[in-house]
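Next, two complexes with chain A in common: one pairs it with chain B, the other with chain C.
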Partner chain A sequence: MNALLTVSGVSKAFGGLQALSGISLQVHAGEIFGLIGPNGAGKTTLFNALTGLYSIDCGEIRLNGQPIEGRKPHQVLHTGLARTFQNIRLFAEMTALENVLVGRHARTRSGVVGAVLRLPATRREEADSRERAHALLQRVGIAQHAHRLARNLPYGDQRRLEIARALATEPVLLALDEPAAGMNPAERAALREMLLQLQADGLTLLLIEHDVKLIMGLCTRLAVLDYGLKIAEGTPDAVCRDPKVIAAYLGDEAI
Partner chain B sequence: MDIFLQQLINGLVLGSVYALVALGYTMVYGILELINFAHGEITMMGAMVALAVIGALALAAPGLPGVLVLGAGLAVAIPVCVALGLLIERVAYRPLRHAPRLAPLITAIGVSIILQNIAMLIWGKQYIPFPAILPQARHTVYGASITNVQIAILLLATGIMLTLILVVRKTRLGRAMRATAQSRQVASLMGVDVNRVIAATFAIGSALAAVAGVMVSAYYGLAHYYMGFLLGLKAFSAAVLGGIGNLAGAMLGGLLLGLIESFGAGYIGDLTGGFLGSNYQDVFAFFVLITVLVFRPSGLLGVRGGERA
Partner chain C sequence: MPSLCPTPPRWLAFSLLAAGLAALPFLVDAGLGRSWVRLLDLALLYAILALGLNIVVGYAGLLDLGYVAFYALGAYVYAWLSSPHFGLHLPFWAVLPLGASLAALFGVLLGAPTLRLRGDYLAIVTLGFGEIIRIFLNNLNAPVNITNGPQGINLIDPVRLGSFDLSQPHELLGYTFTSIHLTYYLFLLFTLGVIFISMRLEDSRIGRAWVAIREDEVAAAATGINTRNLKLLAFAMGATFGGLAGGLFASFQGFISPESFNLMESIMILCMIVLGGMGHIPGVIFGAVVLTLLPEALRYTGDWQRELFGRIYIDPADLRMLLFGLALVAVMLYRPAGLLPSTRRRREFADAQE
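Let's turn to the complex of A and B:
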């Protein structure tokens, strides 16, 4: 298996707080890689570092062999890494369809002159974008909400819309920050099916999640963070039995 | 009735110019929460550059049709103002993107003073007459008169505003602008090059300002290095009146302000028994600004009510 994402020795401090200390991990193409750990362990910080939101103090991040540390968020996205957010961050005042269309921005190029003059190339591109955006809404199961404002969507559907928007950027690696948070069991089951389907379609997933049952059943491998350190990495079974992980995160009853 | 209609026409013409300038304030505010006080001076620069071109053409090729001469003036003024707007954004505002909000505001005032002085050095302190290059035909409609220039201003301004609405609502750039206005960070994480979108916003606003500058100097027949100050302040009041950050609000605010000024100037003499005359016209804009700020600080359409861009 070849490594799609390689994180080596990444550290990040905020003032005196060492949020990430020398994190190294590899995500292989086609797998679902889980990232778990107690609150404040540095999971979201790592996501922010990966997506170019935070500059890192030291270390290296490579996606598909290309270094991505030090790039701006929109440049990282161009190399094929898209994400969703722990606390939903949609464009609330835009419709569901428009949110997905913003995701198409990086993969389209037509300018405002073409739009005003209604040039054929621009109209084709816009039509194609809309078609793909509709297909993505369908795929995550919220096609019926296409023309509703994002802020008026039910909570679970907002999470799905975030996934559709991220997929619209045509990522090779999709990073999901607690996608199941606040979902009921039925919604979780549907989410699980959707993620497996995405994997089957060739996408690689990086997943932060607190639902241990979901993550153990879904992930091919996972890494455990605690206080900015990686304390374990491996298959769900191996990680489950690791005494350090049990002490830091899972607790005794999880075994 | 004919006086009423006359003031209505004058108000709409003036208001559509205010609206064009107000759009520039509101678009930049929507994205950066910055009040670009140099925007009025861009309007002035548009008028001055167009006048220079028109003057040069009058010497070089007398007898050219007026519409062509005016078109050439606009064709030079627009790119010059766009370049100026982009330069100001790059040099004066972008380095202060993460500074406290007061810093770019003061910089904006500084830029505005610099532009006034540059214009004064180039074109002097005197009022520059705008040559009557368009045929000065008057049409009489129900006892009120409307000139060719007024008709041209109304048509052009309406066309530009409709185009702008379509661009913001329907195009890739418009979506990126709205996304950036709602969250710069998320927009960039979704692949939008935020700096380019901000630059495009300044470019569009400056182009509108150039057109408005030419309109207003053609309408009054004058241009002056200081004209951008009052015009900018009034357009800013219009943007606040409509709800700053809101496109439809800027258009509505501009038109309302034009009408208020026009009717105010037309009727104030009668209302005060001749105590106050139409030279109090300029006071209305600021009276309106203060009233709005006291009773409805978010403006008529409010920032959150409509689409921000």
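Let's turn to the complex of A and C:
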């Protein structure tokens, strides 16, 4: 197994609060890696550190062997790490199709001159982008909403649109921040199917999730964070039985 | 299902529009008088300015209150290179691109330090930038006389193409084309060019990236958009159009002074965008035309009072601005998305009613 993402000794403090202290973990190519922990454990902070939204205090992050710490978000995305957000961040006043087209930005090149003169290369690129965007909307199951504004989509479809937008950037690693939050059981089942399908297509997934049933059934391996520390890592079964994990989730008295 | 009542073909609509635009100055001349043709020229100039600012404010969502600085730069570059002030008389087709390029350069220079700022903070810095340029123009007459200070620069060359002088009347097919008629066609040409570029950019990778930055800068960056470069590009594109309009203004007026480029101008251009429909090209043009013509039309309030009451109760100069302000407030209350909102915004209302 080769490591696609290697995080070593990453720390991040906000003033006096140590949000991440010396986190190290490895995500292998082709797996679904879960990141769990109580609220405020530092899961989203780690996501933000990985994707360049936060600068880290120390440590190293490598994707496919390339160091990506200290890079800007768009540069991180270019190396193949795309993400979704816990509190959905779509381009609200754009249509679903346009949202996915924005995802194509990083993988296309036409500039002002090409756009104004509609050069053949630009037209080809645009047609290709639209074709791929329609295919992605189809794939996440919201093709019927292509021309609706993102903000008017039902909640679950907004989450799917965010995944489609991230997929449009052609990532090798997709980081999903609570993709099932706010979904009903049927939507969760559909999401599960979709994530497994993405894995089958060769994508590696990094997943923050609170739904224990979903994460246990889906993930190859898990890491558990608590107060900015990694307290466990391993297969779902092993992590479940770890006394430190039980303590973090249920409180020390429960043991 | 084939439509029972076929819509007229596109070429027909286009030729009707073209004929209308071509005949407009003559119709206005005959109906309202020559001074209104001049206003028509100014309306086109403001349409170029508003479309330029629309790229910065409407698409990229960067609130720029110093836009008039680029207009001023374009105008002064034209005046320096094409008037007796420095004794230079370069042709307009060389000077206009120079002015636009210098404005674009300043757009990037202003944009670079303000990249981290958003919303009201950006507005304050750009407002300061606009004032700095104006004050520089006002004071750069000593020790070396560059701008001629508050007196401004006079005797700026009109547009000349070979032996064709735009400031002289010309006869064609029995019609007399005066200078302001010819200027109308020149400005119309440039306006159409700017509309074309705006439309093409709006529906492109670049335009979508701008709107994405406006909607959510963090998400845009995380989706692979180099927000720094695209914001600078928006500033540069907007400034280019501002500089172009400035050059046209200088050649049209023959005289410029720092007074023409005060904060009120920036605010007016911003009003045109907001009132017409932000980010929507027809709306922005409509806003520019309405806000150029309305204040002039309201000059007639004195005549209306005399007709109605036999005497003038309120000074028309005061009443004019009062009515203008009320009209702006009314539009913002009853049409918050602008007079001609984009289909996108209309679709929002349709969606909300589903």
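Here is the rule we use: the second predicted complex is superposed on the first by the 249 of 255 C-alpha atoms of A that agree within 3 Å, B and C clash if a C-alpha of one lies under 4 Å from a C-alpha of the other, contacts with A are read in each partner's own complex, and residues count from 1 in each chain.
Everything that follows uses one rule, which is that a residue touches a chain if its C-beta (ideal position, glycine included) is under 8 Å from a C-beta of that chain, and two chains touch if they have at least 3 such contacts.
None of the values given here were measured: they were computed from a predicted structure.
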Query: Clash or fit: what happens to chain B and chain C when chain A is overlaid?
result: clash
Message: On the A-aligned overlay, A:Asn152 touches which partner chain: chain B = first, chain C = second, or both, or neither?
response: second
- request: Check whether A:Gly103 is in contact with chain B, with chain C, with both or with neither, and answer first, second, both or neither.
  value: both
- prompt: Of the partners chain B and chain C, which touch A:Ala19 in the superposed model: first, second, both, neither?
  reply: neither
- prompt: With the two structures laid over each other on chain A, which partner does A:Ala92 touch: chain B (first), chain C (second), both, or neither?
  reply: both
Message: Applying the document's definition of touch, where does A:His74 land relative to chain B and chain C: first, second, both, or neither?
response: both
- request: For A:Leu53, select first, second, both or neither according to whether it touches chain B, chain C, the two together, or no partner.
  value: both
Query: Looking at the overlay, what does A:Arg165 touch: chain B (first), chain C (second), both, or neither?
result: both
Query: In this superposed model, does chain C or chain B come into contact with more residues of chain A?
result: C
Message: Residues of chain A that sit at the chain B interface in one complex and at the chain C interface in the other, please.
response: 51-53, 72-74, 77-78, 82-83, 85, 89, 91-94, 98, 101-108, 110-112, 115-116, 126, 129, 165-166, 169
- request: Would you tell me which residues of chain A are touching chain B in their complex?
  value: 51-53, 72-74, 77-78, 82-83, 85, 89, 91-94, 98, 101-108, 110-112, 115-116, 126, 129, 165-166, 169
Field: In the complex with chain A, residue positions of chain C that touch it
entry: 196-197, 200-201, 204-209, 211-212, 215-216, 218-227, 233, 237, 344, 347-348, 351-352
Query: Quick one: in the complex, what on chain A touches chain C?
result: 51-53, 72-74, 77-78, 82-83, 85, 89-95, 98, 101-108, 110-112, 114-118, 122, 125-126, 129, 148-149, 152, 165-166, 169
Of chain B, residues touching chain A in the complex: 163, 166-167, 170-176, 178-179, 182-183, 185-194, 200, 304, 307-308
